Each structure stands twice: as C-alpha cells, then as structure tokens.
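The two complexes that follow have subunit A in common; it is paired with subunit B in the first and with subunit C in the second.
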Partner chain A sequence: MRAGLLLWASVAGLAIASLLVGGAGFGIPDWLILWDIRVPRTALAILVGGGLGISGAVLQGALRNPLADPGLLGIGGCAAFGAILVFYWGISALFAPALPAGAMIGAALGCATLMAFAGQALSGPSLILAGIALSAFASAFIALALSLAPNPFALAEITFWLMGGLEDRSLSHLALAAPPILLGCAILLRLGRRLDALSLGESTAATLGLDVSRTLLLCCAGVTLAVGAGAAVAGGIGFVGLVVPHLLRPLVGQRPGAVLAPSLAGGAALLLGADLLARLAPLLLPLGSEPRLGVLTALLGAPFLVRIARQVAP
Partner chain B sequence: MNWPVALVVQAFLCLMSCAPSFASGVVSLNLCTDQLLVLLAPERVAALEPLARDPALSFVAAEAAHLPMVRADAEAVLRLKPDLVLAGQYGAQMTVALLKARGLKIIQVEEPQDFVAIATQVMRIARLLGVEQRGAALVARMQARLAALPSRKRGSALVWEAGGWTSGPGSLADAALHAAGWRESGTGGRIGLEALLANPPDLLVTETAPSTPSMATNLAWHPALRGIARRTIPPELLTCGGPFSVGAAELLAR
Partner chain C sequence: MIALNGFSASLGGHAVLADIRFSAGPGEFVAICGPNGAGKTTFLRALAGLLPGSRRPDPREMAYVEQGARCAWNLTISEVAALGRLPYGDMNAAAITRALDSCGVRHLAERRIGEVSGGQARRAMLARAFATSPKALLLDEPVADLDPHAAHEILHLLASFAKAGGLVIAVLHAVDLAAAYATRMVVMAEGRIMADDAPLAALPAAAKCFGLELGEDRSPRLLYSRHLGEH
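On to the complex of A and B.
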C-alpha cells in the first residue's frame, strides 16, 4: 500500500513538473499552451505509460514469462501498423475514432496470434521468439506502408511509429485515446485473482475452478484496449511494460495480482519521467529537436532486458 | 505517287531539312524541371518524372496527366533515346552520372530562390529548347504580375512548413513574402508549436491542408493555433520556383 502511495505521489509530482516544461521554456506558460498542449501531453503520458505498465504485468503473469512485454511481443507494433493504415490513407481524417479503432484491431490480431501460439503450449523462450517474429513482421509492414503512403512526408514518420513520441498532441488525441485506455486498465486491474490462480499452472488453476481461456480472453481484451489506443496516439513505445513490473516486484512481492495496480502507477511515472527528459534535452543540450520518447525508454529498457535474460537463462 | 505516301515523304524531308539544332525529345527527371518543360514546350516532352502528375506538388498536374512518365532509372531513360535530359542538383544523382557516362546531354539546374533567378532559369531553359519567345512571354507576364502587387509595408509573417520548419532569409518563400510587403520572421530552422505560440507572428503562413494526411502536415492545424491570423498557400506554388510562384506573393498581398 505504501509503495502504491509513493508511486502515485511521484506521478503527481512528475505531472506538475511536466506542465512547467516545454518548447516555450520553463515556468508557468500561457493558458493556451498549458491547456491545449501540455495538459494533453501530460495526461497522455500518464495514460499510455500506465496502460503499458499494467499490460506488461498482466502478460508476464498470464504467459508466466518474465520477458513478456507488449512491445517485445509485437502487440505494440501490430497496433501501430493498424493506426498507420487508417491514418495515412485518410480514413481517420473523415472519421477520427477510426484511428484508435484501427490500432485496436491491429493489437487484437497481434494478441490473438500470440495467444494461439501460447495455446499450442509454446512457452518460455519460444513464445518470446514468436513475439519477436511478430514484432519484426509489424516493423516491416510499418516501413512498407509508410513508403507507399500517398503523402510525401509519411516516409519520415517511420521513426515516430517505431520509436513513439508525445510531442504536439492535442486535446482531441486525448479524447480519442482516454476512454479505451481507461476501460482496458479497468479490465486488467480486475484480473489479479485469476492471474494468481494461473501462476500455479493452467491445470491446477482449472481444478481450482478458473476458466483459463476466459482469463486469457480478458487479458487480450484489456491489453488490446490499453496498448492499442495508446499506440494510436503515441506510436510504438517499448520496454515500459517489461521494466516496470520487474522494478516493482522487490517492493510489492512476486504474486502476479499484487503487481498489477503498482505497475499502472509505475508505468505512468516512468513514461512521464521519460517524456520530461525528452522535453528537457533540447532545452539543456544543443539538440535540434527532442529525442524520440521510445529511444529513451529503449535506452533504459534494453540493458534491463539483458539482465532479465541472464536471470532466466538455464 | 499517291497522296499518303507523298505526305510521308514530305514529312520525312521536312524532318531532315529542319533537323533540330535544339532538343526534340526531352526527358525531365526532376519535379521542377518538369514544370518548366511543360510550360515552355509540352510538345517536346519524351517523359516527365511521375511527381509532375501530383496536383499537390505540381502546378502543371493537369497537363502532365496526358504526358508520358519515366522514373529516374537509367535503363528506362536510355530506352527513350532523349536528346536532352533535364535534372536537378539533388536526387537521382546516380542515374544522372550513369546517363552522363553514356554520353547523353544532361542539364542540371539549380532551384531558383527568388524571382530574378526564376526569370534567368526560364530563359536559360527556353534557349536550350529553342523557344525563347515563349520564355520571354512567360517572364514578362510574371514581371507584370509582380509589378502589380501593392507596395504596402505589413507586419511580420512566419512561413511554417510541414514538421514545423520555417523558411528563412534567401528562400523562395522569403522572396514571396517580401514581394507582398511582409517581414520574414522565420530563420530557416525548426520552430516548435510552443515556441511559435510564445512569440506569435502577425501572420502565420501554412500550406493548404493536403488531402492525404501525415503528422508533419497535420501539425499546422493544431487547435492551439486558432487565435493566430493565417494565410494558406497551395504547396505547388512554392515547392519549385517557377513563373507560377508569383501566385504565392499575390495570395500573401491580399
């Protein structure tokens, strides 16, 4: 409980800092900049980061694999690919909710593919390898779709969809992404006891009265909503879902259900902090533009992945 | 000799006698030379670069829709056996080098950044094509339109292009702003949304919203910009410098 309070306090502190830093400099900005630019950016960092954090915790619990992460498993990439198809071919310009819808369809297909692999008793490293294959597929399709996109500027935006970012988002992005992310997080937060039962193994959980396939379906639905809608507005941000549960387990214990709520807060704090760093970098260093948000999370996450890989190595 | 044969013979003799000292089949490998070629001598076009058909980039998209196209690909260009190849200074440089090595006549032109340079370039290409009169007429019409612009001094204007890049001093957009009496406040670098709002110009100049979206072009329509006076310019007027670029100055002078 104390860990949770501490995490939410740090989210609040980072959010206030986030409202006071941006391209216009430090300090309290004009109302217009505050309300139209920094509020949506801060709120999106909290929502997208929280969604990624809890999705990682749920996937690690449900797949019983410490390397599970929506980015690493390709779910984020599939979501970005869905968003790209809808965005660059003008569908979301006609009907704005098509953007998160397209991303969620992509995420759902990615998630279903993975669960099908998991259903074939693919576990441990082989499931992660399948996820990496899915992720490579998604990256290739992202690059292909953007190089064929009708707008000549689309090609340069591959980096956004592969590396993510939250710069210059608006309240309309927030309105599109917030409802599905909140719904997804609500579904995922209620899965704690099911995941605890699942941690005993699928057959044991089934004898305890757990409907395993329904549990996996709920995981899929929650991850699809949270990660899909997040990727629609922030692109592909990796490693948050991997890192956060691992950082928190020493504080809250190993039980999968105990990691869920803290991972929500932890993911929000991590992405908010990374986004704050991205905005501080051009103010403090001679950089032409902000470093990509996904670059910062990868710089943090990749060494982490190596550490976890060494722990799980036989 | 029946008359169709006579006609063919006559045509052949004519081709021999008035054998062109200037290029007859011209390939253009660059959007900007495409447009000048179509404006000056559409009947000489052996092939244009495919972007010439894009109405969001090309002022002559309608005319180009009926003209043959070729990608900047050395094999495809060689098969057309052009007398002259027009190319830019950037892009397709490997193709240009290959074509040069095969002995083709290639003219590489710079991108003109003001109206004087546009006039010079139109006349240079007109001479190459042997259509000086058409070139002179195009230049005269452009200069008349420039002279007709009101010579009133206005405030500061910022040309904010896709992705937040600004046109700086010495650019074509800068020339159009000056011709319309505005003071350029761009630097040529990138200005972020927040920096723009913290220090807004009297006039924000953006491209007309394209029909196919990208994040870079959507930035200009961020809701936080609603309070700033804005003029939109169709991108084909300033993508390349040409006699049509005076249209941008006319829009800015309104």
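On to the complex of A and C.
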C-alpha cells in the first residue's frame, strides 16, 4: 500500500516537472504551450507508460515468465507493422483513427499467436523463442515496407516513428489514444485473481474454478488495446513492460495480482522520467536535438534484460 | 462422491483410458498403482475434470495437486496456501493457518517457497490444497521425490484426512507405501483397471503388473535377478 502511494506520488511529481520543462528550459510556460504541447505530452507519457507497464506485468503473470514483455515477445513489433501499413497507404491522413486501429489489429494478431503457442504448454524458454520469432517476422515486414517506401520523406518519417517519441503530440493524439488505453488498463487491472490462480499452472488453475481460455482472451484484449494504441501514438517504445514489474516485485511481493496496479503507476513514472530525460538531455549535453524516447528506454532496459536473464537461468 | 462411468480417452489417436468404471466416497484412501504409461495420471485428470468430456467437480469440494506441482513465482508459503482460497474468493485466515498447521509448515509461513527444501515445498503445495477445505483430494505422485521419512509423514497426513471422512485418491508408485496407508488399491495397466480392491487383495495384481514377486509375508519384493537374466 505504501509502495503504491509512493509510486503515484512520484507520478504526480514527475508530471508536474514534465509540465514545467521544455526546450526553452525550466519555468511556467504560456497557457497555449502548456495546454497544446505539454499537457498532451505529459498525459501520453502517463498513459503509454502505464499501459506498457501493466501489460508487461500481465503477460509475465499469464505466461508465468519473468522475461515476458510486449516488446520482447513481438507484440510491439506487430503493432508497429500494423501502424506502418496504415501510414504507408496514407490511410491515416484520410482517417486519423485508422492508425491506432491498424496498430491494434497488428498487436491482436501478435498476441493471439503467442497465446496459442502458450496454450500448447510450451516451456518458458521456447515461449520466449516464439516471441523472438514473431518479433523477427514483424521486423522483416517493417524492413520490407521501408525498402519499398515511395519517397525518402516517408522513409525518414517511418524510421523516426519507429524509434518512439512523444514530442509534438497534440490533444487530438491524446483523444485518439486515451480511450483504448484506458479501456485496456481497466480490463488488465481486474485480472489479478485469475493471474494468481495461473501461477499454479493451467491445469491446477482450472481445478480452482478458473476459465483459463477466457483469462488468456482477456489478457490478449487488454494488452492489445493498451499496447496497440500506445504504439500508434508513441511509436516503438520497448523494455518498460519488462523492467517495471521486475523493479517492483521486491517492494510489493511476487504475487502476480499484487504487481498489476503498481506496474501501471511504475510504467507511467518510468516513461515520464525517461521523457523528461530526453527533454533535458539537449540542455545538459552538446546534442543537436532530443534523443528519441524509444532509444532511451532501450538503453535503460537492455542491461536489465541481462540481469533478469541471469536470475532466471537454472 | 466422485465417479467415472465407462470413461474413455485417447491422445493422438492412441487410447490411453478404456472404459473406466470407478467411484469412490468419503473415508476412502484410494491408491492408484501401475507401471509408467499405464494411464494413472490421465485417470486422475479425468477425475479432476481436466479431460474433454469429463465432468469438472465443484472447485470448493475437490482439490487437485498435479505431479511435481510448483508455483511459478517465489511466493511465501502462506501466500501459496492462500491460493487454495481462490474458489471462495476470500482470505479465510483460519482455514489457511489450519492448512499450514496440518501440513507442518506453519513455522515456515513467511519463508519463500523457492528457499525451503523440496519436502517442505511439497508440503506447502499440499497446504494449498488443504486450504480449500475440500471433501476430496486428488494427488499425482505426492511423495515421488521425497525421502522415506518425509514420504511417510505426508502419507500419514493423507490417511488421517481420509479417517476424518475425507476422500483421498493418489497416484503412488511405491506399492509398499500404498499397501501400508491406503484403504483401497486400483491397479492400472495399458489404460485399464486390472484390479480394484483392498490393498492386500490387490497386491498380487500389482505385483504382476510391475514384475514383482510377493514374499512369504506378502510384501512386494523386486525380482532383480529375473530382469538381469532377461537383459
């Protein structure tokens, strides 16, 4: 409980800092800048980060694997591919909601593939390998789309988007992404008991009265909404779902259900912090522009993967 | 209380259970014996309602502990036992404490299950089943990898559960242990029930399935010499 309060307090603190820090430095900005630039950016960092954090916690619980993460398992890649197809054919310019829809369809396909794999009682390592295969497949299709790009501008735009970021997002982006992310998080937050039961394995969970396939379906739906819509507005941002539950377990315990709500707050805090870092970096270091947010989270997250891999090695 | 009426099951076109007729009630401790691949686990899963076409018992009345049961996360032992309350959706502290007590792991309640011995972890998983306060326990190889002392303790616990009016159905590899503790023995081979009787009466059939010899005292004894001669 105390850990939860602390996490939400840090989300609030970071959100206030995020509203006060910009390209011009630290200070109270104009109303216009605050409302049209800082508020969407801050709110999106909270929503996207929270969605990624809780999605990671749910996937780890459902698949009983501490290495599960929407990015590592290829769900993020599939979402990116779905979004790129929409980009590519210019559908998103005609009809804005097509972008999150495309990303969510991609995420749903990736998620369903993985759950079908997991349903065949695959061991932990082979599930991760299946995720890597899915991820490679998505990357190959993305590369194909890039190599067939109609012009260098499209190429640059897609590449930039793939690296993830929250700069220059408007209130309309927020309006597009917030409903599906919030709905996804609401679905995922209610899965605690079901994930607790799954920690004994699918058979035993079923004898405890759990409807296993319905549970996996709900996981898929929630992760698809949260990760798909998040990817549509923020691009490729990885490792949040892996790192956050892992950091929180020593504080809140190992029970899968106990990690869910804190992971929502932790993901929001982590992405807010990383986004602040991205904005502060050009002020502190001789950089021409902000480092991409997805690049930062990967730089922070990849060493964690090594650490977790060492812990779970038999 | 629990019954199968002419149940059959196949895996990949291969019959693993053929026309199983079985029923058991309160106060019984049924040991399921038989060689590897006889269909014991499948039989138990059918009783637990885990096979297509089998009836799922009320989760509050039946607790199932699978072979080599483990917890995916490094929970504390009291958290593991608390999972047994999921069918009720409550955290009945009295039931959890009682389960920890009867399985002899109450003093380890706050230890993590990955940090205790194999036997203690096995008891913790059993405490999870007891915490449901079930009428029936279905256990797959509950003492398979335990030392003789720990095995006897767990079987003693199960026998007293049955004496108190519970039903225990356990897959047991050790025929001698089954004979010592169970009130009834089901001998299986090739997906069929070969014998279903009081342990002493079923022992000859069990011995035959395992290639064992019954000594003068009717205790099963391995026929090492015959196997060595054959191979």
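Assume the second predicted complex is superposed on the first by the 307 of 314 C-alpha atoms of A that agree within 3 Å, B and C clash if a C-alpha of one lies under 4 Å from a C-alpha of the other, contacts with A are read in each partner's own complex, and residues count from 1 in each chain.
Everything that follows uses one rule, which is that a residue touches a chain if its C-beta (ideal position, glycine included) is under 8 Å from a C-beta of that chain, and two chains touch if they have at least 3 such contacts.
It should be emphasised that the depicted structure is a prediction, and the values quoted were computed from it without experimental measurement.
Of the two partner chains, subunit B is the only one touched by A:Gly22; subunit C is not. Contact with subunit B, but none with subunit C, is seen for A:Ala149 once the two complexes are overlaid on the shared chain. Legend: residue contacts after superposition of the two complexes on their common chain; A:Gly56 is shown touching neither subunit B nor subunit C. Legend: residue contacts after superposition of the two complexes on their common chain; A:Gly110 is shown touching neither subunit B nor subunit C.
Of the two partner chains placed by the overlay, neither subunit B nor subunit C lies in contact with A:Gly241.
By the document's definition of touching, of the two partners only subunit B reaches A:Tyr88; subunit C does not. Contacts of A:Gly253 after superposition on the shared chain: subunit C is touched, whereas subunit B is not.
For subunit A, the partner with contacts to more residues, out of subunit B and subunit C, is B. After overlaying the two complexes on the shared chain, residue contacts for A:Ser172 are found with subunit B alone; subunit C is out of touch.
Contacts of A:Gly288 after superposition on the shared chain: subunit B is touched, whereas subunit C is not.
Shared contact residues of subunit A with subunit B and subunit C: none. For subunit B in complex with subunit A, the residues that touch the partner chain are 57, 162-163, 189-190, 192-195, 197-198, 210-217, 219, 222-224, 227. Those residues of subunit A whose C-beta lies close enough to touch subunit B in the complex are 22-25, 29-30, 32-33, 36-37, 87-90, 92-93, 149-154, 156-157, 160, 167-168, 170-172, 288-289. Residues of subunit C that touch subunit A in their complex: 45, 48-50, 56-57, 59-60, 62-66, 69-76, 79, 83-84, 86-87, 89, 112, 128, 132. Only residues 64-65, 193, 196-201, 203-204, 206-210, 253-256 of subunit A touch subunit C when the two sit together in their complex.
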